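Just below sit the structures, each encoded as structure tokens.
One chain, chain A, links the two complexes that follow: it is found with chain B in the first and with chain C in the second.
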Partner chain A sequence: MGGSLGIIVDITLNSLVLSGVFLIVAIGLNIIYGLSRIMNMGHGALYAVGAYTGYTLVATGLNYFAALIIAPIIVGAVGLLIERTIIAPMRKRSMVYTLILTYGLMFFLDGMIKYVWGNKPCFIDLPAFLQGTISILGTQYPVFRLATLFIIAAIMGGLMLFLNKTRIGIILRASSTIPEMVSCLGINMNYVHMGAFVLGSVMAGVAGIIAGPLTTIDPLMGGEMLISSFVVIVIGGLGSLRGAVIAALLIGFVQTFAEFFITDLAMVIVYILMAIILAFMPRGILGEGKFE
Partner chain B sequence: MNNTTTIPGIQKGYYPLKILIIILLLLGLGLFPFISGNRFYISLITEMMIYGLLAMSLDVLLGYTGALSFMHNAYLGISAYVVGLFLIHISPTSLWLACFTGIIFTSLVALPVGWVQVRTGGLAFALLTLAFGMMFHTIVWKWYGVTGGDDGLMGMPNPDISLFGWNLGNTGNPVTIYLFTLIIVTICFFLTRRIINSPFGAVLEAIRENEDRASFVGINVRMYKLLGWMLACILASIAGALFILYKGYIGPSTMSAFAGAGVLMMVLLGGLGSLWGAFVGAAMFIYIQDYISTMSEHWEIYLGLVVIFLVLFLPTGFVGLGEHLKRFRKG
Partner chain C sequence: MEKRNKILNIEKIQTYYGVSHVIQGLSMYVEKHETVSILGRNGVGKTTTLRSIMGLTPSRSGSIYIDGVETTRFQPHKISKMGVAYVPAERHIFPGLSVEENLMLAARPGNGKDAWTLEKICDHFPILAERTKQDGATLSGGEQQMLAIGRALISNPKIIIMDEPSQGLSPLLVQMITDVVLKFCIQSGITMLIVEQNYRMALKVASRHYLMGTKGEIVKVASTRELMDNPEIIQSHLSV
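Entry: the complex of A and B
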């Protein structure tokens, strides 16, 4: 640890990393919500599945970067299975039922994680060149966290390009605004909903494998992340992608600084901040449903 | 359509029969501890009644105002902690004052939370109940000096239940607490029924059906939603006071998200929007939980599967099965 400047740099970078993880999970939730009007309570559990899958892949001797690609694909496949079996039949029903349904899904997935991987915390082994530290402005900062920041930036950039430039991305954005019109143009909305759920699940899986080496992997991680990402999307505005960016940065910074200064009750500060913001901006910072 | 047309006895004009059934049921429950000396079943039924009250309070919220709360058990927990702390630190004998303090304190906590939640409304309301519930859970868990943290609140005294100077018995006695719970829960049930069947309840249902139209008619939607929320929280806090008197102990796990899902499942099992269904659901849930948790440690998987099954195939619960049938016969 360097001087006070070093500590500030340290905390700031940690905040950015945490914000990035929040952002990817929250964007996944927002994509599903924005396109299908389904709030997936099992999203946190999918994030945990991503982390555990990554752990198993790396433990079997696979390169971390290969796992970074394979684990999200596996989580996406799980997402596809879930969508086809239980989410698709619920499409026409009231939102309360989907919420409760996915809440059940969350317990099922959490239980399965405990059943398959047990209750013990796990750690992902990193390749040697990511394990060192690098000196930035008087602090020794882990290389891996910096690499994580670049990976997150790359994923977000890729997602933006995907949504703005590709044909599929344009269909997705159009479906979030006027689904009837899109289906009139001869596009099967079933595939759009399916694609949205799978894309959201893949995002959860990516976040899981990125966060895996940053923290210990334990069965509680899914629930904690679920609540944090709810706070992020509610503050940012449900279904709003830009709002999620702002809210993720806000919550990431507040949580990291609060944890540094008062450790135990840090989350309470975050919830109180959330309550204050919502009391004055009930629809979130950017309002609901701006899918851009 | 629904093919399960085998349940008989649902016809018009069964009103006196219904009253008779209620009286017989209450009589049976009231006499139960004197007939059967089995302490295990007396405790189990006490727990069923307390959780039934909690499930009923959630049913008021979900079934009548249409607002979903994932962690309604948090309000049971807050009340139980306050009653316990009051009895331990302030006065070990004044039971009524302790319960009163618990209910007032819970209302004071629930009011600002409800104020924020009502303004966001809809889906955000549901997500916020989870966030606030986790906040209370974290506070109780980490504030070791007051709540005892992970160990929970211990060393509860057993005050006497007395009314107008007349001693009814000690709360340490399972039979006394059983009868006390039965009386309080019955009063709460009929009171809630009366409230729900009043114009106030009709307004809540109108808001549930269509918020915009309700506000066009001149109803202050936020105000009524807040009142509905407060009613549900006060009922939960009464259940909390009963809970600590019955158990003599409360730990943070009572306030966890897992326990919250259990309460939600009780309501689903019983069926939304019928107050007595919540009691049926709670009794079923506690019995099943008692049965399965002794057999398997992976109780979460089964809980998840049952919830998924219920929502997919039986969204109206077991009570709703009958209602559905009635509507089907009327055509």
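Entry: the complex of A and C
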């Protein structure tokens, strides 16, 4: 343990890691909301499925980085199944229908997790080169946590490239503004909604396997993350990707610093912060929130 | 036999907007290479007619044929693929997408040398060419209208249906859109259906005109010549 500088560096890096996980989960939730006006209450459970799937893949001998790619694909497939069975048939109904259905989905997935993996916490074994610590500015920081920051940055960079440079990305951005006009250009909005749900699910899965080695994997992790990602997208403005980035950083830092200094009140402080921000900025910190 | 030349053929459609019965038995057609207008007062259902053609507000009964294929119950993306390009009155340029992205989203290969491509759009609309990387939402009203028309052309459609191209534009811009853009489209053989309140503009571009009554039906069909020679027809149908 270093001096006070070391502690600050340590907490700051931890804040960034937490912000990054929040961001990936929240952006997944936001993509689905922004394109389809669906608030997926099962999103946290998909995050947990990502972590558990990653755990099983690594436990069966797969390389962690291979699992980092395969687990989100599996979660994406689960998302596709969910979208086809319970989301797509409700497309023309009010948001309340999917809200209730996905609330049920959350319990269903939580139950499946307990059925498959049990109630015991699980741990993902990391490859040797990611174990251990590295010395940064007077603190010994875990190599894996540092690597996580780069993985998160790479995922966000990849997502931005996808949204800005590919045809599908351009369709998704257009659909988040004037969906009716997108359909008038010959694009089947059913596929856009399906793609948005799958992409959102993949994001939840990625976050799950990234967070897996950082925390213990247990049946409660999904519910906790669902609430945190709600806080992030509400503060950032529903459907706003830029807002989510700022909100994820804000909540990641506030929560991590609060946990260090006043552990028991950390979450209370997060919710008070959210209440204050919403009172003055109901459309989020950038005023870009979309709700009807 | 007769239907073959009709790119668009509407037979007695009935369309509701919620509970209000907006279109009550409207019939009309547009032939290949023809520009036709629908004239009518505000709120008689001109926009709803276009929305029915596009599949956005499908009609409950009657039939719509695009190039001989019945499309009455088709979804909008299928109707677009049948070769119908829609230019809504609000233009609906996608904010956050560049001018080029707005165009490329709609682009579809056309036949032969005359096909519309990004290069051809830029050649004909130099204002857009200068702004390809700019956010479409930052364009002026006239530029957005030009982009909306360019977005329709680049899909190489069989017919363009255009809702009030003059809406929200200054008289000078209306003249510019009419003379530079629309007349050019017509000269290049595009088939067009234009909905207008501004009959002066419609008379300049279209050759045949459907006058719409207050019950969402066609009360008169007239050629441009006929309307110019008998201004009282427009007077009685369009002025308050």
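Please note the rule applied: the second predicted complex is superposed on the first by the 287 of 292 C-alpha atoms of A that agree within 3 Å, B and C clash if a C-alpha of one lies under 4 Å from a C-alpha of the other, contacts with A are read in each partner's own complex, and residues count from 1 in each chain.
The rule is simple: contacts are C-beta pairs under 8 Å (C-beta built on N, C-alpha and C of every residue); 3 or more make two chains touch, one makes a residue touch a chain.
Since this is a predicted model, take the numbers as computed values, not measurements.
K.L.:
With both structures placed on chain A, which of the two partners, chain B or chain C, ends up touching more residues of chain A?
P.N.:
Counting residues of chain A touched by each partner, the higher count goes to B.
K.L.:
Using the touch definition from the top, say if A:39 reaches chain B (first), chain C (second), both or neither.
P.N.:
Only chain B; A:39 stays clear of chain C.
K.L.:
What is the contact status of A:95 with respect to chain B (first) and chain C (second): first, second, both, or neither?
P.N.:
Only chain B; A:95 stays clear of chain C.
K.L.:
Tell me the contact category for A:282 with respect to chain B and chain C: first, second, both or neither.
P.N.:
In the superposed model, A:282 contacts chain B only, not chain C.
K.L.:
First (chain B), second (chain C), both or neither: which does A:188 touch?
P.N.:
second
K.L.:
Touch test for A:106: chain B only (first), chain C only (second), both, or neither?
P.N.:
A:106 contacts chain B only, not chain C.
K.L.:
A:265 in the overlay: touching chain B, chain C, both, or neither? Say first, second, both or neither.
P.N.:
Touch partner of A:265: chain B, not chain C.
K.L.:
Go through the superposed model and pick first if A:81 touches only chain B, second if only chain C, both, or neither.
P.N.:
neither
K.L.:
One more residue to check, A:178. First (chain B), second (chain C), both or neither?
P.N.:
Only chain C is touched by A:178; chain B is not.
K.L.:
Over in the complex, which chain C residues touch chain A? Could you list them?
P.N.:
Per the touch definition, chain C meets chain A at residues 54, 56, 75-77, 80-81, 86, 88, 92, 94-97, 101, 104-106, 108, 151, 155.
K.L.:
Please output the residues of chain A touching chain B within their complex, sorted ascending.
P.N.:
It is residues 39, 86, 89-90, 93, 95-97, 99-101, 103-112, 114-115, 223, 227, 230-231, 233-234, 238, 264-265, 267-268, 271, 274-275, 278-279, 282-284 of chain A that touch chain B.
K.L.:
For the complex, give me every residue of chain B touching chain A.
P.N.:
62, 66, 68, 70, 112-113, 115-116, 119-121, 123-124, 126-128, 130-132, 134-135, 138-139, 142-143, 257-258, 261, 264, 268, 298-308, 310-312, 315
K.L.:
Can you tell me which positions in chain A touch chain C when the two form their complex?
P.N.:
167, 170-171, 173-174, 177-178, 180-189
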